[in-house]
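Let me give you the structure first, and then I'll get to my questions.
Per-chain numbering from 1; labels A, B, C and D assigned in written order.
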């Protein structure tokens, strides 16, 4: 197997986890026009949530996603009432600051509890070896879990009443309210799902890499890139954009030092923002 | 009389919609030119093309002897073409006076802050808002917000003023005051190009009227001729009461 | 939080005990938070154990007086931004008489600017990079063997076992590891090794798969590099997870920590260049023996000491020795005593360069290689494998 | 004169106080505290030019500080230029770069602009981390010899302190000057309604690019001075995302859009952080406290401390503005 192919498969696997992380950000942003700066800390909480649950139960880490998603939904509702409900429709700075404040509190509490030392979830799934390259079982399991969660979300949004309400509010809140949809409740549910997705992606990352309470920040930045590439409010687009970003990383890394990748990624991010403010998959018209 | 504004074959398309198609007209110095047409006729789009908010697809716009096609709104203001917005856009966080000072500072004369302040006070006096100079702009009633729009545009010391439905939403007393104001403005030497739905007013004020329908010009004539124009009557057929008003006004 | 209260408690105890004796204050910052926190805390424990041992014995006795030791220390958040503010504060407000360095070469470089200005002695530990000692400092004394030595030892050991090995360098792009790898690369070529791949990764890297794919493609059989604990342990885990066919892996700093054994199978066979190992059998001319230090440390912290802990403790010993030689705490006299120090403690030999162009550089201490091996009972232990004279086990090569 | 321009005199008095306080007892510890306060004020007041005056949320403002530090340190220690010249050239270089970046990303509005500024920050950091002449991730160290032209390290630190105080005073005077200028009025118009401002004749594209570039200048100069004083620079401390965000917190705390608010917020927040960091009981909770404080300010007093003061004592507005 050639190095570049192996590298791209690795990229594809990790890319789906980026995509899952970005879905939460994208959903919230698209539905309520709030850039959720608690995203990074929620990803970190997902990591520590997995760590605690795994240490307590020692069961298959990927089965623990379900209870963590529930925790995420509850946490999302709390954060929504604490910091988000009153900034919807306020200037963008307000929502940025209020979510950032929650982020600081969470990081601060996390630092007090866990310090900033790295933690690991010592769970491993046997990998697949092709020639001299081995793809770890954890990567494969995490990527599959991400895709399954993404599909479930897409089904929820397209097939259920609540999902349709979320899409209606995202599309045109005023019109949705006229049709009798309680937008506050819809926003709360969408926010809670966004947080649950962030936590789920954090939980998946925790099975791949060591993490500290500060680790969420890097994934938050990646989520921004992915969300912008995909266009706002397109959660499934975010998954695809995440995979593409992973593939891109995998495709270029054999040819340049890995430390250049952030420059390429964020350079691309700025260029795409300027050239296609609605995202590559967004509508072409302004 | 010489032509102040010459619009030649201007078009604008949004996706599949021809918002303005091949419109040409001339506005003479010192004239009040009215612009009417049913909803969606492309009136505000035409304004946006004239003052550069939108780029034209085809055609040219000559203002005061200069080709201003493709120039941005801020450049157009410096040449002496100011406008108001159909939906008022006060600078909410600032006082009434500051709003008008912005107009004066960045208008045709590009006045200094000190001169602009004097101009602004003068203009506020002219539009009858001197007593509200220090009120926050967001606290005004709609009628005063409309006057503020006019005041800001006037403060730019324009040669031509584009007024976009400054009468809409006002009560009869307020309408009378505004009509009076517009006359005074014209008398002070500023030409006026105005969109209006209040027919009685526009018929009375305008020297000539331009009628748009579905983005195309269907008439350009003095008020009395416009109401007799069969194309105009047909365009308004869906709105019989307006036809009545047109007739009544003449 | 508990730890803070505990320290406050200890401090108040030492106050109570010393009301009759004089005190000296030693200041330093600790990275209680941030990327360096594992390594920095181990170093701190060394300081702490030294202080408690000294105070329990009635303080440092010099010039007919006893000096009880107290600390002034703050969290630097693993970030040099506040280091100068905090060192200035310790010097001026907490009236620190002597200073220890923060952990890591870059934080130390920042602190040194302040300590030099105030002509305060700073013993640096956890700061192996040499550049700082070549800037004309007068009061800086390095406890660690300098960075150049770290991987040259590993290359010597490799040369003895497999002169045809192909070498890859994968290392953190940070002051310390760059200072280690740059001379090591040259040395590897000098020894005739084929260096097939070399890449620095950003500090905080957690995903090494791209680099690992490149290492596999390069057909390297030996990997040298690493940086600090967080990245080094991650790299080792992922090398293991991707089943990279390597015969030897030597990483900086990280494998020395007792926490390394938590890596399980991924830990096996990894070599670490070390400043000190519990198995080392130096004849201490001064202070405790290695065994006594290890026992006291394990009793207090419930974990074996790492070389950072030993370095921390040894800094205290060397300072204590110099104060005793100087007969007091006068900076000039203590500095003179440090300049003429040539002392072997449990930590090994310590001697500082007095050449003007590299004043304070450590010239007495040398590097060990330690390797994680399974002992007869299958437990993971760290064995000294180099230099051959001091080995406690043979180098396991290839790893598997 | 004082009655006509109270704030200008207040700024000069503040600068004089900053100069006098540590000098009185030659109190270097106080100087070290104050220099961080001064830097906080410099960053906040220049950030205010973008956020408070123009309404553009810049999340990557720290990029100017870091780049200034790099250019300045490179000129002062590698090429051995005079410190003041190096700092000024750093300021000009970064301003020119900001102008170029600005013309690109200022086409974006609202959240998109905010995100693009994060992108610029991370991209620049990644570039510098790979840039060989600037020492890649390892950064650059100041040789002690570099302090010799200023009369040794000890004097050099005092000199950089006074220069920083000068930059602080300049930042505040600049903010005040812009606030009272026609240029400032144009910026406020953009902040309130950019499209309306354009129709009123404000050349928003040029104005935004200019203010973006201007808001880069003094932070870059300060960066050059501070990293020279710091003795080393590396990408992680030069482009600290967290510090950039804290700048916004400080601004909100004091009150965006006002000169006094930006200074007050910068000073208070920095003192609070320093206090929490060195207080043994609270040091582990400094982020929690700062975060909770921010949430309260945003929620209860969105105008910040200054806005709150104006509401309590309306007369104070006339004095302070």
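Observations, loosely collected:
Please note the rule applied: contacts are C-beta pairs under 8 Å (C-beta built on N, C-alpha and C of every residue); 3 or more make two chains touch, one makes a residue touch a chain.
Note that this is a predicted model, so its numbers are computed, not measured.
Each chain gets a centre from its C-alpha atoms; the one nearest the centre of all protein C-alpha atoms is D. The chain with its Cα centre farthest from the Cα centre of subunit A is B. With centres defined as mean CA coordinates, subunit D is found 37 Å away from subunit C. We define each chain's centre as the mean of its Cα atoms; on that basis subunit B and subunit D are separated by 44 Å.
Chain geometry summary: the mean Cα position of subunit A and that of subunit B are 49 Å apart.
Put simply, the C-alpha centre of subunit A and that of subunit C have 38 angstrom between them. Residues of subunit D found to touch two or more other chains are 129, 136-137, 284.
Residue positions of subunit A with contacts to 2 or more other chains are 111-112, 257, 259, 261-262.
Chain contact topology: the protein chains form a pattern that is neither a line, a ring, a star nor a complete graph. Pairwise chain contacts in this structure: A-C, A-D, B-D, C-D. Looking at the complex, you find that subunit A touches subunit C at residues 3, 6-7, 10-11, 14, 111-112, 115-118, 120, 122, 124, 127, 129, 132-134, 136, 138-139, 208-212, 215, 218, 249-250, 253-254, 257-259, 261-262. Subunit D makes touch with subunit B in their complex at residues 180-182, 185-186, 188-189, 191-193, 195-204. Subunit D makes touch with subunit C in their complex at residues 27-29, 31-33, 36, 129, 136-139, 141-145, 153-154, 157, 229-232, 234, 236-237, 240, 243, 274, 277-278, 280-281, 283-284.
Chain contact summary for the complex, subunit C toward subunit D: residues 1, 4, 7-8, 32, 74-75, 77, 79-82, 84-86, 88-89, 91-93, 106, 109-110, 112-113, 116-117, 131-132, 135-137, 172-175, 178, 200, 202-203. Here subunit A touches subunit D in the complex through residues 29, 33, 35, 82-83, 86, 92-94, 96-98, 100-109, 111-112, 217, 221, 224-225, 228, 257, 259-263, 266-267, 269-270, 273-274, 277, going by the rule given at the top.
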